[in-house]
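Notes follow once the structure below has been shown.
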Amino acid sequence: MEYEKGRTFLFRVPEDEELVSYVNKFCDKNGIKMATLSAIGSLKKAKLGYFDISKGKYEEIAVEDVHELLLATGNVSIKEGKPFSHIHAILGYKDGSVKGGHLLKATVFVAELYIEELKGDVLERVPHGNLHLWKEE
Amino acid sequence: MEYEKGRTFLFRVPEDEELVSYVNKFCDKNGIKMATLSAIGSLKKAKLGYFDISKGKYEEIAVEDVHELLLATGNVSIKEGKPFSHIHAILGYKDGSVKGGHLLKATVFVAELYIEELKGDVLERVPHGNLHLWKEE
Amino acid sequence: MEYEKGRTFLFRVPEDEELVSYVNKFCDKNGIKMATLSAIGSLKKAKLGYFDISKGKYEEIAVEDVHELLLATGNVSIKEGKPFSHIHAILGYKDGSVKGGHLLKATVFVAELYIEELKGDVLERVPHGNLHLWKEE
């Protein structure tokens, strides 16, 4: 639960990449097991999820095509032996209205991505109902 | 106003904890006087506030029961001798709609909490009308 | 793309300052070329933008006068030889509703601003259509 700071990255994700899998691959390639992350930019399209506690599963939220990525934020830890990003996204529309949810998929127009590696005991996501969670502190 | 980085924590807050008081107690227990923090997850219920400048006080905002914690973000400093967290929350609903405000209370379903301690001159919240603010820079 | 951490700042921006230009001036004065930043507080007024991909330009979004600054978040890099902040803002209203966009201008009521300097190869914003972007990774 207590960590040392590792490496710090700030860069622009290439256009048309899928953001969630890009983060996972970036971490895998760079040996990052734990991290926090944030990104701002603009997306071409996105798929958000909402975890329905009563049903115990994620429901998909329809998102119109083009929008500001007001913020994507979350963390990276280990799930089934691989770096796994848990990202929430807040999206902005032309009239200033906002949608948000668990980020399932996003096609990048522009994404300025900030990743801070954490070094220490690795948190692993293990099944917890239909979620994969870290053990409680 | 300029700080050294202290300890870094990332962990899952136990289910059913009240998030704001949990953060305050965590900081008190660990000797954290200044920090920044963020959390993502899902809440069972929450109470948000809106500071009405014209009335000089917080108004409560009704929030339906279950929602994604798209982001809680803020800082910890000292108020009346104790660590005090100032947290804003952005909440997401089943249809992707979003509510937000000053976080007064939140019952955790899942909260992945990131706390970065800051070391240096402690900022203290002192009365300023009906708010408690740091001195301006 | 990989950075060392520099200085860390947390402070209250003086009331009535314009936030975007304040950040730019703060960075310029302190020799900060790259940074990440976040702020929470309350704004007297703000002007948001939405980048319309089809038109290739920012459209302005009308924002009512007083609102919570749920979060301002972004980064600082170099544009035309000067520190330049790219900030997204998420604003909250009395009923809990939320608006968001690219932050063009904001008059501060209260803003608790956190700036983390990054040291390393400077990212420069260069023209890319009507945007100024870093080179893709």
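The first chain written gets the first letter, and so on, giving A, B and C; residue counts start at 1 in each chain.
The working rule: a contact is a pair of C-beta atoms (placed from the backbone, for glycine too) under 8 Å apart; a residue touches a chain by one contact, two chains touch by 3 or more.
All values reported here derive from a predicted model rather than from experimental measurement.
Counting only chains that touch, the fewest steps needed to get from subunit A to subunit C is 1.
Superposing the C-alpha atoms of subunit A onto those of subunit B requires a rotation of 120 degrees, given to the nearest 5. Between subunit B and subunit C, the centres computed from C-alpha atoms are 21 Å apart. Counting only residues that touch two or more partner chains, subunit C has 5, 71, 90, 98. Across the complex, subunit A is touched by residues 1-5, 34, 36, 48, 50-54, 59, 61-63, 71, 73-75, 86, 88-90, 98-102, 118, 123, 131, 133-137 of subunit C.
On the subunit B side of its complex with subunit A, the touching residues are 5, 7-15, 38, 40, 42, 44, 66, 68-71, 90, 92-98, 109-110, 112, 114.
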